[in-house]
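Order of writing sets the labels: A, B, C and D. Residues in every chain begin at 1.
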Amino acid sequence: MLEVKNLNVFYGVIHAVKGISFSVPDGKIVTLIGANGAGKSSTLKAIAGLVRPKGSILFKGKEINKLPAHEITKLGIALVPEGRRVFVNLTILENLRMGGFNKKLSELEPLYEKMFELFPILKERAYQKAGTLSGGEQQMLAIARALMSEPELLMLDEPSLGLAPLIVAEVFDILKELNNQGRTILLVEQNAAQALKLADYGYVLENGTIALEGEASGLLENDEVRKRYLGED
Amino acid sequence: MNLTIVLQQLVNGISLGSLYGLVAIGYTMVYGVIRLINFAHGDIMMVGMYFAFTGIAMLFLPWWAAFLLSMLASALVGVIIDRVAYKPLRNASRISALITAIGVSFFLENSFLVIYGGVPKAFPVPSLFGGAVNIHGVIFPNIAIITPIVAIIFLMILLFILHKTKYGMAMRALSLDFETVRIMGVNVDLVISVVFAIGSFLAALSGIFWAMRYPAINPLIGIMPGLKAFAAAVLGGIGSVAGAAIGGFIIGISEILIVALFPSLAGYKDAFAFLFLIFVLLFKPTGIMGEDLERGRF
Amino acid sequence: MKIDRNNILTALSILAFFLFVWWGNHHLTAYAVRIWEDTLIFLMLAAGYNLINGVAGQFSLEPNGFVAIGAYVTAILILTPAQKESMFIIEPMVPWLAHLHMSFLPALIIGGIVTAIVGFILGFPVFRVRGDYLAIVTLGFGLTIRVVSNNTITITNGALGLKGLPTYTNIWWCAVWAVLAMIVIMRIVDSAFGRAMKAIRDDEDAAIAMGINTLWMKQIAFVTAAFFEGVGGGLLASLITIISPTVFTFFLTFELLIIIVVGGLGSMTGTVIATVLVVWGSELLRVVEQPMNIFGLHIPGIPGMRMVVFSILLIVVMIFAREGIMGQREFSWDWLLNKIKGKRA
Amino acid sequence: MSEVILKCDRLTMRFGGLTAVRDFSIEIKEHMIFGLIGPNGAGKTTAFNMITGNLKPTEGRIYFYGQDITGLKPYKIVSLGMARTFQNIRLFSNLSVLENVLTGFHHKLKYNLIDAILRTPRFYKYESQMKEEGMALLESVRLADKANFRASELPYGERRKVEIARALATGPKLLLLDEPAAGMNPQETLDLMYFIQEVKDKFNLTVFLIEHDMKFVMNLCETIAVLDHGVKIAEGKPEEIRTNPEVIKAYLGDINA
């Protein structure tokens, strides 16, 4: 579904992503793990069109590298940004409406229902400001908001960041469920253990390059990964 | 002072206040989405006046056509200013954008000075706005009655757009989180352009009514009302459209009443808004309707 | 040892500068001397402005208001009682000011001190808020000063202004004050106070968490700027000999803003370079406002064109060269000596 | 028996209608490492901000070494001996590492503005003394070789250490760390754990920290308090917290399974 070739991201003089290539096959969960500053977020932002990269990004065979962010969203890629970034001054329903910005009014109603089914907590509080939600609830809302555009590819940037272990488990359960429903997922995580348990395939990023890649289960067994990213001795 | 005079002054104050309010809305909306005090906003008032003046006095258009064209053209000027001067600085520090805004303000004032000269021009007032009505022995100038009505109509339209349309919702969502709004599939640059267009349109509207109230216009005429409108926006809590309108009324009415009650202070009336502003900042730094300066909302 | 060497080099270059002033005073045209006087006064104003704006990062638009205060105070003090009596024709001057008269130096210093006091008082409300609000309130303050000077007829003679001021200002006054201002301001910058100001500029919350009394640091920067702007106003008043409420407009602030932005916000070296560039450039630009004859073609002068060019310049600098000439860097003797050594090696 | 360094007595913070922290009471004894955990938005940072004076509590009192410090200005509290770091590292990015540290000395500055302007002997004396102390401090946290780097040039992990060193420069007795391990990988986190332990012993500190990384908190802290929806639901030794049913329900989930 997604084919990234020789991707480079620069911030001024800083070379954040140095020519990485990877692919996300249909219906799979692929994860990018690595330390802070390894270039994981930059990669996601590049795919979403928030930074201008060099290289090639093919989505369903179409080159999207030069497209503006809102056009990329329309093609069927949604990003759940790092730190959730829900619109705190908007109600939960309005947040969902923002997620489905380019949907027709008639399409929205069933989508709301679907989201409320997936995240019952949102239904109870549909008319409250998103700022009143707890961190975990905001993460749910951020995922629901992304799903409102009915994306074929769902990208998540550190969904476990700053969440209680309890909530992290819940979030990962939901991702599993979404994947079971056939959604393709690209997941960026520092919480390597849980990301690899969930994913089909994993890439380890180090200093802007791919240091390791392989089946997620294989990476979980890899000594190097265990030592550096799972904190095991 | 008897009741008639009080009433007259009150109507006068409401009318002036609605002019400040219309300009204040532009400040507040632009600040709400891109966190920029658009110094040049007051000058858009002046631009609107000169465009309308050109339409009536030089192109001999009917007044309504001249007014409408002027407002549309001013909206376009607002959009161009944003695209040319502010957009390249979206990711720069706020101080850079603010300095640029001062540059734009200066540019507008001086290019109109170059084009139209520094000598004040007499603004042609259409007869509809020129007369006065006598209600039970109290004389009200037409303009003083029409102004608040027009202002309130446009305010209602604006509030409808903000709260009932998806683009209005996008404007409210924008407050400094461009990235997230962008990945919702929203063309953020377009939304920001719309904000500038609305703000400039209303500023031009206010400018035209200002020019009919005080019918001599010059290229520096926008500075003072612009600043007072800014004071009104802060007073109302910057980021809040309703607050801006209320702030405008408060500044307008108190300015008129103070001059009416203490004629000896008339010379200081232009300084009054700032004392008011400083006072507000001292005791309620977030304004009347505002809660948190760092969190925008309409 | 190193510090001594640098101090000696600095002292020598100041001496060289005064030699240049002495030479220029005798050999340059009156016009050139006048522009050097402008340049030096602007240098003092810009250095103060850069302290509050660039170093402490508080975006204030105070200069024209403060310069006006300094100019009025100095002017009132150096006018003779007889001059005042003949000038105040609408209403007589208040008696306690009408008989006050003193020489230039104390008048300048009092002008600076009064301005500093006004700045100190103004600082309390305006520094309660951060960022943009400061800009607009200080801008409003400048306009308020104009309104006040227009209305306090028994002190300022209202719209008629004050005329026939004694012309004390010469290049020596300007040079000595400019050097003094530079030394004082650079020493503040290069001390714990300057560090605290820069800390506030970079991250105010973190500065507070370091135990820095941020209001106090901002006040030091603001009051220092106010003092030198007040003195600069006094020098300008005696240089142009006529002041009125419309003399010190926002254009003055605007010019200073261009100077510190072009030089690089926070860099005093940049301020020096940019002051010379902008003041002299501004003189050259007068050409566009004068009628010209090119190949028999008569082009009328366009008043206001200079300011249009200026505002475009500012916008272009902000968009394409935000860091200005120097960024936040400063000239230092060590850097220069290393450079020279490097070339030899 | 060691002395109580910090005591919070029924702290409550309301923002408009929202109660961020309710009746928060803790006592921290000297020389301990005290951890505060809880889900995002539980009010941990708000509690910190009240203690450091950035927020004035709606109700309740704060005592530092028995002295009531409620409502004191942050810079006053710093000079009493309390320093903090921020969740997202906030260094002065245009200052050098050494200059960053020197700002921490500011509240006990021994020369005044006149000394600085006239460059009196006192200025030179204390300026060089400060620089020596600053270098000594950087030396002791093994950052001396980075002294002249601009803060923004350092890698993430080192920036966190500089931020802690800068806080140490204020001469604190109590050090508050707001999510020090956020954004670090296991290796960096481990590193930081030793660093904090080392700094604590070397500077004779009491440490109060907020953290999400369970491993980090459990290994480092002697006492842990758990905050949920602004209310303290538990306090105790790590093993007690780990097995506290309420904490498991609200926060930990079934991580031990």
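Definition applied: contacts are C-beta pairs under 8 Å (C-beta built on N, C-alpha and C of every residue); 3 or more make two chains touch, one makes a residue touch a chain.
Everything numeric here is computed off the predicted structure, so don't read it as measured data.
Two chain pairs, C-D and B-C, are compared here, and B-C has more C-beta pairs in contact (counted per touch definition above).
With centres defined by CA atoms alone, the chain at the far end from chain A is C. Chain D has its Cα centroid 42 Å from the Cα centroid of chain C. Chain centres here are Cα means. That of chain B falls 32 Å from that of chain C. Once the centre of each chain is set as its mean CA position, chain B and chain D turn out to be 46 Å apart. In terms of their C-alpha centroids, the spacing between chain A and chain C amounts to 53 Å.
Chain contacts: chain B has no residue touching two or more partner chains.
Across the assembly, chain D contributes no residue in contact with two or more other chains. Within chain C, no positions touching two or more other chains are listed.
Shown here, the protein chains touch around one cycle, each chain meeting exactly two partners. The full set of touching chain pairs reads A-B, A-D, B-C, C-D. Across the complex, chain C meets chain B through its residues 57, 59, 61, 124-126, 128-129, 131-133, 135-137, 139-141, 143-144, 147-148, 150-151, 250-251, 254, 257, 261, 265, 302-305, 307-308, 310-312, 314-315, 318-319, 322. On the side of chain D, the complex with chain A involves touching residues 18, 38-42, 155-156, 179, 182-190, 212, 214-215, 229, 248, 250-255. Across the interface of their complex, chain A is touched by residues 166, 169-170, 172-173, 175, 177, 179-188, 295-297 of chain B. Looking at the complex, you find that chain C touches chain D at residues 184, 187-188, 191-193, 195-196, 198-199, 201-203, 205-214, 220, 328.
Residues 52, 54, 73-75, 78-79, 83-84, 86, 90-95, 99-100, 102-107, 109, 111, 113, 116-117, 119, 123, 127, 130, 166-167, 169-170 of chain D touch chain C in their complex.
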